[in-house]
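Structures follow.
Here subunit A shows up in two complexes: once beside subunit B, once beside subunit C.
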Partner chain A sequence: MNDDIISTLESFIAVKILKQPNRPVKEDEPLISSGLIDSFNLVDLALFIEDTFGVQIEDTELNVNTFDTLLQLSELIKSRMNI
Partner chain B sequence: MTLLQICIFIIISLLTGAFIPKSIRGWFLIILNILAVFWLQPVSPIRHLDFWLPVVGIFLVVLAWFLSNQSCNHRQTWITIGIISGTIVAVSLLRYLDPICCITASRPPSIIQILIFAIPAILIICLINHQFPGNKRFTVIIFLVIVSIFIILKTDIFTYYSSKILRSLSGQDQSLASPLDLGWIGFSYLAFRLLHYLRDNQTGKIPANSLDEFFNYALFFPAYSAGPIERFPNFLKELRKPIENRCMRLWISPHDFYQGSIRIVNGVFKKFVLADTLAIIALNSQNAAQINSTFWAWVILYAYSFRIYFDFSGYTDIAIGLGRYMGVQLPENFASPYLKTNLAMFWNCWHITLAQWFRAYIFNPLTRFMRTAKFNFPAWLIILSAQFSTMILIGLWHGVTLNFAIWGLWHAAGLFFHNRWSDWRKSHHFYWENIQGVNKMLTFISWLITFNYTVLGWVWFALPNPQISGKILGILFGAK
Partner chain C sequence: MKTLAENIVNSYIKIPEQTAITLLKNQNPEQLISYHQLILGAYAYAKALEKANIHPDEVVILILNHGENLIYSFFGAILHGAIPSIMPFLTEKLEPAHYRQSLQSLFEITRPSAIITYPEFIEEVRIASSNTSSIRAIFSTLDIQPSDPVNIENLLGLKRNAHDIVLLQHSSGTTGLQKGVALSHQAVINQIKSYSKALRLNSSQYGKDIIVSWLPLYHDMGLIAGFIMPILTQTPLILMSPFDWVRAPFKLMQTISKYRGTLSWLPNFAYNFCAQKVRARDLENVDLSSWRAVINCSEPMVWQSHQMFLERFKPYGFRAEALATSYAMAENVFAVTQGGIDYPIVIDSLDRQSLLFGKIATPSKNHDNAVMMVSAGKPIENTNVKVVDKKGNELPERHIGEIAIQSNCMLSSYYNRPDLTQKSFIDGWYLTGDLGYIAKGEIYITGRKKDLIIVGGKNIYPQDLERIAGEVPTVHPGRVVAFGVFNEEIGTEEVVIIAEVDTQDEEEKIRVGDEIRQRVTRSSDIALRYVHLVERNWLIKTSSGKIARSANREKFLAQCQ
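Now for the complex of A and B:
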């Protein structure tokens, strides 16, 4: 399940945000603190998560303190899905 | 904060961290925070204002908590109210003790005057507690009151007329009114903590908390005058975490003591050695009026850029250090912002907690709204709207002046350009950019542009009006 969430997120980030479908995004790669994803992309990512996994990521949570890597984000999603 | 105030805060924080057990630390901190808030408030020409402004701040904190919490008929709450009231009364009673008068900048008002304020204040709190706890309409009213006070304090014309009103109430000469009369230290940070608490409480994101915990969050003295603006849930975790690795029966852990000391030494050096030295030659309205050399204009501008960084990040280091002494880890506010290679990264590392506040409550909701609206807004328009509204508000947070607004616009334009550029670059790759030397060169050029764009932005921030800023920008680029 964790792998599914991570691969879904990775695909969205590579295709829609980075616009480089072949670019691998490591699960422990910093996304926000490295500048890979900017504030605008973060809102898009939150909307994608809400549509795909049915869990809410609040506007106040879209920052490096809540998650910075795919792994942390998938853990957050899992905790909200009660998995 | 002066060096003397910092030295006394260091001693107090260390003693609190070492000797005050966790079980009573909350209440002890309330007393310390109130005393610090009174002590930090500078003198005002308006009679007793340096006493009343902190009192109003304390009242707003208590009111915000009572409005947001429904089950507050606890003994603990009323003990906290007793400690808060008792400390305020004790501060006012110092007026009768000439040898040690006073902790406030001028002699506090008489006890009768305080009772005239205290009785309606307590009645309002009791009424809200019994009749309207958690009432959304009252919360919106208090929200608007805080925003209104904030706007008044940040706008010269409003502070001028407020000063006239206050002078007339205290029987003083109204013709001497000045916007400088209403210097309310720490209110910018206090207001943003209160707004965050009221807003997040409405959406159910604030964990259950007691009045003493919230009071210590809102008025935590290390962060009171210059931030950082911590989020309440994070502060609560810090406040409640157990103390580990105690040493020699002291409550402070050796690790916290070491880390706190390092940050304080670092902060004092940055603020009182580097920033204060640079201040001698840094750009200001006096030297801006006299300078006519391009070389010296750049020198004073670079001096200002580093002065403001060392000054502000120095204060943050001191605040973080003092917090560590008392077992509270405050968030970072700066992370080498001048070394960043683009403006978006700069804003992830400059005044981090303020930028996060604006992202959470302005940028993200606006972007989300436009992204999910029935009308399909183009991405560039959403970014333009969100960046400009957020950055102009960040500018105006420093003061409602044309120059602060232009400073916000300057950064909004830079962020918008960077966003469009990086979006374009995602789909345009060149073979030569992966050559190591070229890559390093591009990184250096990116840093150089980002740093100097930020430095040029300070011309708007440091000076009082667009005319003098325009003159300095002209001199910087060779105009005579």
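Now for the complex of A and C:
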């Protein structure tokens, strides 16, 4: 399940945000602090997560302290999905 | 009333208890700031500047978060007669070393006397200012002692003249920092007078207005339309934080609904952003019928963005007549034109070819190949607009050329840059660098003369990005180009960087691409949309050996198709 979440997020980020479909995103790669994704993309990411996994990420959580990597983000999603 | 200090002190005496600003902060209860509190807060800063022996007419740089300290220190500097200039502050993404460098270059040209910042940033400012002899005081907001305003009439700000400089405005980017737009009290007051009239602000026709803004105060749109104008005209201002808005655009709609907001200003991309990123559940019971003008300003205005916004929010009471436009620039304090107030925005359907290649904006005959140009409206009172050719000669209707303006609210100068000031004027007309045309008195902006990129209303100088990317090892120095490409879906430009590298190795290319992205974001706070790495000699050079931005842009776009 974890791998599924990560790979779904990875492909969303590579295709929709970075526009480099073949670009691998490592699960421990910093996303926000490194500048790969910016504040405008964070809202997209939150909407995508809600539509795909049915969990809500509040706007106050959209920052580097809540998550900066795919792994942290997938943990957050899992904790909301109760699995 | 001839100065800003006189104006706010007058409000303090006459309507001390009236709320000037309702400050909204994420998850905090609203904070009401009356004119009394505004003077109280500002007075403490004015006294601190006086104590530090800062003279009127000296520049005070403000590096503060969006909030009450920024509001008080800004008006505090004005009450003291000093010249405030608001700078963006260091965010978590920006690299301190680079930010320091841009502060240093700002200090060198502006020669400020004092800097006010937040406690955590004091050390950074000390380091950046170590080579600037003009800086005599660096304050933390914690150093400011509240004190009761006594002998208000002795405040040095009340002794300023109408033609003295009241504030400086810098645009973003290192290159932009090299010219601070210096505005006089008279210019700001004249602009507010003409612009209020164009907006029919607080008129008998529309009743009392309520302005809602989430715009940053270091930019003219936020500073003038979303801050100084409401405070000076005693129009209630609901001030949201840009950081909250970008994470939760629905808050703008909820705020309009809750406070019955009537006027807001948005850069074009925000129309798309709000339309696409607001959930229905966040709009429950939202009523937008009070909004009488949502004014598109500060980047190219796009018809589709308006349509998208209208369709999304019409079910919540948003009215088509509320769509409005303005062409504005810090050099004219703010607005040059205003459209969509007395009659709906005029749309000019143009032949696409004529816009791309021609010198004349020709109305389209068939709709398939039409570009819907959105009018920026008509010049506000006491501002004249004309379109000129390369030699400065006025062009007739529908001829595309450079927009030149003349007004009673022009900048006094680019601060400490007489060379730039002189170059910007021809026979008393300010050359804007924007291209456009006039038809039936309506002003249309079609593009820009300079290679400026505008992302979400923020001006980006491609030279800054090219220099940063060129510093990445493996990239050939000087073999980098940056430009913007308009994306209709998001309603603004996306930034592209093309760099020549020697390597063919795909992994190495990803690494270099990442490093370029990272350096650019950490230096400029802009996320790159495309980083394109190419082999040696891919980039087209001009005959003088310079990288040709527009030619390379065309080449990139042709390859994308």
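FYI, the second predicted complex is superposed on the first by the 83 of 83 C-alpha atoms of A that agree within 3 Å, B and C clash if a C-alpha of one lies under 4 Å from a C-alpha of the other, contacts with A are read in each partner's own complex, and residues count from 1 in each chain.
Following the convention adopted for this analysis, a residue touches a chain if its C-beta (ideal position, glycine included) is under 8 Å from a C-beta of that chain, and two chains touch if they have at least 3 such contacts.
The model shown is predicted, which means the values in this text are computed figures rather than measured ones.
> Going by the contact rule set out at the top, does A:L36 touch subunit B (first), subunit C (second), both, or neither?
Touch status of A:L36: second partner only.
> Considering only the touch criterion stated at the top, classify A:K19 as touching first (subunit B), second (subunit C), both, or neither.
Touch partners of A:K19: subunit B and subunit C.
> Looking at A:L62 after the superposition, I want to know if it touches subunit B, subunit C, both of them or none. Which is it: first, second, both, neither?
both
> Once the shared chain is lined up, is A:D44 touching subunit B (first), subunit C (second), both, or neither of them?
In the superposed model, A:D44 contacts both subunit B and subunit C.
> Is A:S79 touching anything from subunit B or subunit C once the two structures are fitted on A? First, second, both or neither.
Neither subunit B nor subunit C is touched by A:S79.
> On the A-aligned overlay, A:T52 touches which partner chain: subunit B = first, subunit C = second, or both, or neither?
neither
> Regarding the shared-chain residue A:S11, is it in contact with subunit B (first), subunit C (second), both, or neither?
Neither partner.
> Is there a shared patch on subunit A that both subunit B and subunit C touch, and which residues make it up?
19-20, 32-33, 35, 38-40, 42-44, 47, 59-60, 62-64
> Tell me, which parts of subunit B touch subunit A in their complex?
200, 203, 205, 231, 234, 331, 342, 344-345, 348, 356, 359-361, 363-365, 367-368, 371-372, 379, 382-383, 386, 419, 422, 426-427
> Spell out the part of subunit A that touches subunit B in their complex, as residue ranges.
The contact residues of subunit A facing subunit B are 18-20, 32-33, 35, 38-40, 42-44, 46-47, 58-60, 62-65.
> Which of the residues in subunit C end up touching subunit A in this complex?
26-27, 92-93, 243-244, 246-249, 251, 273, 277, 279, 456, 490, 510, 513-514, 517-518, 520-522, 525-527, 529-530
> Mind pulling up the subunit A residues that touch subunit C in the complex?
Against subunit C, the touching part of subunit A is residues 19-20, 23-24, 32-44, 47, 59-60, 62-64.
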